[in-house]
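Let me give you the structure first, and then I'll get to my questions.
Labels run A, B, C and D following the written order; every chain starts at residue 1.
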Amino acid sequence: MTDKTSLEFARDILANQPFSNLLGTEIHDFGGGKAEVSMPLRPEFQQQHGFAHGGAVGYLADVAMAFAGGSVLGDSVTVEYKVNFIRPGKGDRLIGRAKVIASGRTQAVVSCEIFTADSGVDGDTEKICAAAQGTFRKV
Amino acid sequence: MTDKTSLEFARDILANQPFSNLLGTEIHDFGGGKAEVSMPLRPEFQQQHGFAHGGAVGYLADVAMAFAGGSVLGDSVTVEYKVNFIRPGKGDRLIGRAKVIASGRTQAVVSCEIFTADSGVDGDTEKICAAAQGTFRKV
Amino acid sequence: MTDKTSLEFARDILANQPFSNLLGTEIHDFGGGKAEVSMPLRPEFQQQHGFAHGGAVGYLADVAMAFAGGSVLGDSVTVEYKVNFIRPGKGDRLIGRAKVIASGRTQAVVSCEIFTADSGVDGDTEKICAAAQGTFRKV
Amino acid sequence: MTDKTSLEFARDILANQPFSNLLGTEIHDFGGGKAEVSMPLRPEFQQQHGFAHGGAVGYLADVAMAFAGGSVLGDSVTVEYKVNFIRPGKGDRLIGRAKVIASGRTQAVVSCEIFTADSGVDGDTEKICAAAQGTFRKV
């Protein structure tokens, strides 16, 4: 299976997640214990102060880590995760980059960083927004 | 401030969260270090296997804990939280019940349980779906 | 197996943990998804400010939760836990009380509160010192 | 302050932690948001199966992250941390390597990996044993 095929496989899974469709999530990289996903920061994803709702940030961390873990485990579920909020989420979109710290036959420990991205004339400006760590288990 | 007024105050904050409006979240109890919230389990909140997306479950835990923490801290932010997934989320709706474990002048440690609820002829059947613990800080 | 026998069984396991012997840990209650343990707050368990070292507090949370989880799972291991530090640890001893939030055939989610205790003429004064939540898996 | 002086400063703090003296912890690197510490795996630090007690592993993660966080914050306390256990701890010693993911004026989010190390004729063999993430706050 080539990397391109792996990514297409991941896109199919994401396309079958109604919640990810609702939020406009895309996957850009998948395989070898890594994944990169992003979602647009639409006004309807904000909390009362105009920043990305923490629940949207946590959602993207879960998705990024689940795909990174799934790239080594196959079909798997989120056992648990924790997320630290570092900076208010604002800008064009959120990017989640996850990588497997360690994995065995049935379980993977995965970490993730979430960045806010803003497109400008000089290209993208990224700032870290949150960091997460979680446990994923093969089903 | 009466309890009823407190709850109305909390409803106003929730109504000012576009993401919570998008997801149809309601708050039923607020005050004294506790909060109860719920969201409908619409088909568009599912993952690829027909269960509630973990990101939706995590979102509701964040909301429930932020309100419980806010009831003792006032305006505050989520520093971090962790969530354990216990059972697939299915049924009519998700209910989040959070309570402050301990709080000081600037910080509260809060725990939360998320339940799935199904309405039937004999009334609601609730099952625990997830458990969370987090840190909230006054701003 | 009576409760008394269960507690004796737990005491045997604890007695076979060299690290718990080094720290003087005792178990007072065990069974039905619950456990209570304690350790003395000896001067050699302190950090540089004269309070219990966070690592000692975290250790006791791990022990309390592992026994609570083990009371429903049998022989099991700690998958992960998180601990929030609430108040500096000082006094005569630390007490850890853990209970299973939910458990299945192979896994339990457990929470724990750690208290500092000080013996006085009016009996013990307990204050909450830390709160933890973790995942335990049958082996 | 040169790096050497920073490391000496960190060694002085560690030397003032009775619990770290009891466990034989050493610090090898400190500064710029990073820290490396180690502790010997003495028989008295084991649990009932002959591996390092999880509480000892969690302790070392706390120490490593507190020093990494302290290198950017100055005097600070552990707000909370989570630790995932990856592989049983055995060998000559445990090594903890922590680095700051992000920090502001008052708070740092830090991650850590714990390795077991075994000295042999061909040099050290290291294996990852645990991974942690935590929050540290300036006092």
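The criterion applied here is as follows: contacts are C-beta pairs under 8 Å (C-beta built on N, C-alpha and C of every residue); 3 or more make two chains touch, one makes a residue touch a chain.
Here the structure is a predicted model, which means the values were calculated and not measured.
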Rounded to the nearest 5 degrees, what angle rotates chain A onto chain B on CA? 180
Contact-richer chain pair [B-D vs A-D]: A-D
What is the distance in Å between the mean C-alpha positions of chain C and chain D? 22
Could you state the distance in Å from the CA-based centre of chain B to that of chain D? 35
Distance from chain D to chain A - Cα centre to Cα centre, in angstrom: 28
What are the residue numbers in chain B that touch two or more other chains? 79-80, 82, 84, 135
In their shared complex, chain A is touched by residues of chain B numbered 13, 16-22, 43-48, 53-56, 58-60, 62-63, 66, 77-85
Please give the residue numbers of chain D that touch chain A in the complex, ascending. 82, 84, 86-87, 101-102, 109, 111, 113, 128, 131-133, 135
Looking at the complex, which residues from chain A come into contact with chain C? 79-80, 82, 107, 109, 135
